[in-house]
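The two complexes that follow have subunit A in common; it is paired with subunit B in the first and with subunit C in the second.
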Partner chain A sequence: MIVSKQERVIQIISHIVLGLMCVCAVIPFWLLLAASFSDSSYAVAEGYKFFPEALSLDAYSYILNQWAQIGRAYGVTIVVTIVGTLSSLLITSMMAYGLSQKNLPGKKLITVLLLITMLFNGGIVPQYMIYSNYLHLKNTLLGLIVPNLLTNAFTIILVRNYFQTSIPYELLEAMQMDGAGPFRIFWKLILPLSKPILATVGIMSAVTYWNDWNNGLYYITDSKLFSVQQLLNEMNNNILFMANNAGQLAGVDVTTLPTATMRLAIAAVAIVPIMIAYPFFQKYFSKGIVMGAVKG
Partner chain B sequence: MKKRVLSLLLALVTLFSLAACGPGESENPTDTTPASAPGGENSAQPSADEGWTGETAHIIVTYNTLGTTPPDLQKIQDAVNERTVKEIGVEVEFRATSAYDAFALYPTWIATGERIDLMMPLLQDLRTYVDQGLVEPLDDLIAQNAPYLSQLIEEGQPITSNNKVDGVTYAVLAVPNMFGNNGAFIATKALVDEVDWNYDPDKIYTYDELGELFALIKAAHPEMYPCGVVTTGRTSSEFSYATTTPVDTIAGSPNYTGVLMGADSTEIVNLYETAEYKDYLEHLRAWNQAGYIHPDASTTDSSVNGLQDAGVSAGYFMVGAPVQAGEDDYIINLGPNYIASAGMGGWVVPMTAEEPEAAMRFLNLVWKDAELMNLIQWGIEGEHYVMLDESIGLIGFPDGVDATSSPYYNTLGLWGDTRYGYIWSAAVSQADNDAYTAKSSKLQTQGIGISYSSANVTNEITALAAVAAQYVPALESGSVDLDTYYPQFIQAMKDAGIDAVIADKQAQFNEQHNG
Partner chain C sequence: MQNVKQTKALRHPPRKKMRGRWKWYLPFYLMMLPGLLYILINNYLPMAGIVVAFKKVNYRLGLFASPWNGIDNFKFLFKSGSLGTMLRNTILYNVVFIVIGTVLAVAVAIMLNEIRQKFASRLYQTLILMPYLMSMVIVSYLVFAFLSGETGYINNSILKPLGLQPISFYQEQAYWPFILVFVHTWKNIGFTSIVYFAAVVGISKELYESASVEGATKLQQIRHITLPSLKPTVITMFILSISKMFFSDFGLFYQVPKNSGILYPVTQTIDTYVYNALMNQNNPGMSAAAGFIQSIAGCILVILANALIRRISREDAMF
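For the complex of A and B:
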């Protein structure tokens, strides 16, 4: 391939720019890992260093010690992420499939209703009341799965556009001619052909589920159902509470509370799985978004 | 038409999102105080149980944690029930929540009708609970179901005296093992001894003398910041930890709402405008410039203990009570011992309780029976602790268990008669606590027995809280220039309405003080 000089310059510049952005993304992770492996007193005395001189595995042995709680939280996060992502994909793709059909009655109305949810919502109080008092999602795993995260209009439209633009309508017609019903078409034709967009939407949803602590804050008070992120949030809040009320809470042994390095270690352990999952989805990532984003 | 519907929608959305921004105000009560010092011996022996013949009642009791629920809580619950079912016909179910979450959760629980029979809103504002009608009055319940609590109240133990609103009791507090307060600096023994500073536990030191200690330690260890201060997350002054004179914020109200300075004072003043506070700030500023204060004091997420343990600081300002110092610490007194009015708080019976009588019987038994109290507090003997010295109640970890691996440790002491609680360090015996109480009882502020309701000036107080949160962390870490920022701070407080709050507080004080 012949590359002109100009193109080469552009390529070099973009490499530099992207390289810098990459460094910006990697540095905090490195600092997180380095800090989680530093000795606790060293970290307090010297601050967090990129290359700590005093290393220690105390933070990770703390995690093992507290595995009863942290492991449980981990399990909750994994279950919620898997169940949440799969149901989210199913709901999103089925709705998108319906909306992509040309002959759907009331298609305009449904689309408008969908768009309204992107612009308005009832706010947190009515939301809380509906979920906790009427749907009774409080202190259930569904409380972590359903509110806000299950699906949203943006992804539905993204997936619908993909269906409309990337899957030739003729294929659908051909299958119909052969006597396939809508469900058969959906399972046998649409889904297999939509891997890129489903992978994209799937990873986005998985990351949101994995990182979410908001739902936990509102709907979960039973510590058995805490997710990892919520557990971390809890720890931070309680340590701050403790520090601010030290005079009143005399006699509490503050040395048993997780130190900053321990919390960082939990954070490190918490991101690893989702980071590992990323590369597997990446090959679909850009492809899916670009194709779905084309106006249809 | 479309537009009108839309604007209506918008208006509704705005309304709801505004309604969602309820303030999560937290109170900062000062230490507990008695009307009189705790009296003589109480029999803490378990009563010869007559056994319970009626029906067994199931009660739900909150259990405050610091974020992690002890793994063995269920075991403790079973052990408690083994006794309470037989003796008082009560089966207890602990509902664990972190003390921090409780601020938001408890009121929501009661408001949404969730059943709780006994609740401990730790360090929360009891008055809001009372004002919103979330808790039941306790006077009759105590009189009918809790003979031992009634006896304690008659003896003058302040378990309910601070928890009255308009003469009605709303909460029961644990019996404190110590009363009083004084400004002090908790310092690492080894460092003080090393620099040959004459430490005298009975002397009251000045800030300048403390500064000399810092200078000596800094000279010996140039890499250290002897004066440990952490102002991250600080929302109001911690002057009371370092005070040179008795300060009373009146019934635990925030210190930016006006205080009494000095034991004889009957005048509410703005703490931040007093000469004592200004002097404190000037010293902090000087210490910061001399390099005695950690440069990250206002941003670090370490605690003052963390800094001390890591050898970064030599100690920190804290109430000079025996319980605050470890075996390796000296308490350097900066002010006299005194007793100020106590904040409200304690165990309440929410409106959503279904078995309030059973809840009272349970409180009564735990307060009466030191063994049961220690079971809830420290766990099962032999499993979670072993007795080291029966005469002073000294306990330690069993073999192979330590603070981090113990499945039941570090619970908050919120139960029963804490004078009979077991201790983990011989340095903090009940004898030390009694000595501290005796010393403090000699100097009592005029605010004792007085309560304050800020209902008339809530807007001003919200504004003042914001001002304090904005200026105090910078000023009290000594990291900003006083000449510029201190006058700004005082002016901002005036603009926020401190004068109206003080006038309101003074009026309530006068009424109760003379009446």
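For the complex of A and C:
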């Protein structure tokens, strides 16, 4: 096929524009990394540079020194992500399995009840009061896992649709002939055959848990249970508090507060795992976005 | 929700006796129990709890036992004077986000489709989507590295060499509408363009082939084939965003300006107000009243938006 001159021009422009956008997307991360490696006094004098002249590992040795707290936050994030994602997958797929049964009594009602949750919500205040006053999730790991993130109507219906359309009827029938009950069929047939959708839903859920700081903001005040994201958030707040109340700090020892460079290093450490894992699951992640947006 | 054509899910249960039927389905109900309980607690109890907007909240008595106080919470909210600001901010930012987001994302999707090199296309998609993976806390640190008054890149490496005065970004309202629009676009453009890209890829190749046989140039093809084919997706996405008109990205408006009080006139939205009133002013009543208005208005918009989709294209309607 002959490529016309116009097509050529369009392709070149596309490469240039998309290339620039990619640079824009990546460059802040580069600045963050470079800043975290730059010498503190150099940063104060010269500001953050993409190629700092005075490098130092001070920020990272601070992280190692403070590992008791930062490592703990990391542990909290990892536990919450793993437990949260697995429970989310289990609850969602079991619910979807029930709803995929053609003649299940009450199926219509349950579906409608699910759809209503997509239209209307009570807002944060009543939810906060229920979780903190009645269920006492404040300052527990469950407070990070349960509110809002476990499952939602949209994901349940997505997985149900997959069960309904992609599980071959012959296999179901064959297993029933062998006398397998619903539990066995679910565990041995449905779940193994649904890996693509479970991978997509699971990755979306894992990213959500890893990144979540909202639940921490509302339900966690005990610094032992801070996740990495909340630790970063708290540091922001402390610095802000200092800026606003300079001079009247009585109980706070200012020297123990991390410098800006150190905080950037902690942020870098929070980003790295996600950056490393991302290329491997980018395909599933994009799939999840497309499914999520088109029928949101 | 789309009704997917259903394969016969399981051997039919015994029809005759009700008891046999229940027994048959019991395991399914058991498996659905955790999900049902969760939806009840997480979604339905707070819906009932929305009555708190009409109560004088007393944490000791709890949600349902607190005494009623009519519409006092709403009166306070109106009197506080922040209602107008936060409504204006929430809606205006959403309008700008929708317009810029749609135009830019459609452009990116079309350009991605013009890239012939597989590797380059994959690379662009991967990189553009990266900011979407980051939490708003992280984004606020990235923004801080650029904007910080003392050490920020813009003050030190752009303004200083030009001989300009440094700017205390976190204290100056004028810049924030632009910063917030930029940050929002930066973070979400990958997400929206991937959605549109999926739609572009789905357009039948034959259309383009026959068009080029008839001598249509690439630009004409984009104008007369690609853009019209994208219309349904644009409409769906547009209406979905309209239904979220009264909601804002709490993280964007809370984390990125670092909840700086001086900036409230241009950064406060309903969501950040609800949070601040709940946590800092310890005023759950007023906070619930704002949340109540948001929920009701949001619900009405969803229903209106859906009615609109039904008129335009029935099969894209949500219910």
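Heads up, the rule we're going with is that the second predicted complex is superposed on the first by the 244 of 296 C-alpha atoms of A that agree within 3 Å, B and C clash if a C-alpha of one lies under 4 Å from a C-alpha of the other, contacts with A are read in each partner's own complex, and residues count from 1 in each chain.
The rule we apply is simple: a contact is a pair of C-beta atoms (placed from the backbone, for glycine too) under 8 Å apart; a residue touches a chain by one contact, two chains touch by 3 or more.
Since the structure is predicted, the reported quantities are computational estimates derived from the model, not experimental observations.
Engineer: Once the structures are superposed on A, label A:260 by its partner contacts, choosing first (subunit B), second (subunit C), both or neither.
Structural biologist: The answer is both, since A:260 touches subunit B and subunit C.
Engineer: In the superposed arrangement, which partner chain does A:62 touch: subunit B (first), subunit C (second), both, or neither?
Structural biologist: A:62 contacts subunit B only, not subunit C.
Engineer: Which holds for A:109: it touches subunit B only (first), subunit C only (second), both, or neither?
Structural biologist: The answer is neither, since A:109 touches no partner chain.
Engineer: Please determine whether it is subunit B or subunit C that touches the greater number of subunit A residues.
Structural biologist: On the superposition, C touches more of the residues of subunit A.
Engineer: Between subunit B (first) and subunit C (second), which does A:98 come into contact with in this model arrangement: first, second, both, or neither?
Structural biologist: Only subunit C is touched by A:98; subunit B is not.
Engineer: If you stack the two complexes on chain A, which partner ends up touching A:124: first (subunit B), second (subunit C), both, or neither?
Structural biologist: It touches subunit B and subunit C both.
Engineer: Check the residue A:22 against both partner chains and state whether it touches subunit B (first), subunit C (second), both, or neither.
Structural biologist: Second partner only.
Engineer: May I ask you to decide whether A:41 touches subunit B, subunit C, both, or neither, giving the answer as first, second, both or neither?
Structural biologist: first
Engineer: Let me test your reading of the model: by the given contact rule, A:133 touches which partner, first (subunit B), second (subunit C), both or neither?
Structural biologist: both
Engineer: Check subunit A for residues that touch subunit B in one structure and subunit C in the other, and list them.
Structural biologist: Overlap of subunit B and subunit C footprints on subunit A: residues 44, 47, 120-126, 133, 237, 240, 260.
Engineer: Residue numbers of subunit C touching subunit A in their complex, please.
Structural biologist: Going through subunit C, the ones touching subunit A are 1-2, 4-13, 21-22, 25, 27-29, 31-32, 34-36, 38-39, 41-50, 52-53, 57, 59, 62-63, 107-108, 111-112, 114-116, 120, 123-138, 140-146, 148, 150-153, 155-157, 160, 186, 189-192, 194-195, 198, 217-219, 233, 236-237, 240, 250-251, 255, 258-260, 274-275, 278, 284, 287-288, 291-292, 294-295, 298-299, 302-303, 318-319.
Engineer: Which residues of subunit B touch subunit A in their complex?
Structural biologist: So the residues of subunit B in touch with subunit A come to 9-10, 13, 16-17, 19-20, 28-31, 65-69, 71, 96-101, 105, 112, 123, 230, 233-235, 238, 240-241, 296, 300-307, 309-312, 318-319, 321, 323-324, 403-405, 409-410, 412-413, 424, 428.
Engineer: Please name which positions on subunit A make contact with subunit B in the complex.
Structural biologist: So the residues of subunit A in touch with subunit B come to 40-42, 44-45, 47, 62, 65-66, 68-69, 120-126, 132-133, 221, 223, 234-235, 237-257, 259-260.
Engineer: Which stretch or stretches of subunit A touch subunit C in the complex?
Structural biologist: 4, 6-7, 10-11, 13-15, 17-19, 21-22, 24-26, 28-29, 31-32, 35, 43-44, 46-50, 90-92, 94-95, 97-105, 110-111, 113-115, 117-130, 133-135, 146-148, 150-151, 153, 156-157, 161, 163-165, 167-169, 172-173, 176, 181-183, 186, 207, 210-214, 217, 229, 232-233, 236-237, 240, 260, 263-264, 267, 270-271, 274-275, 278-279, 282, 285-286, 289-290, 293-296
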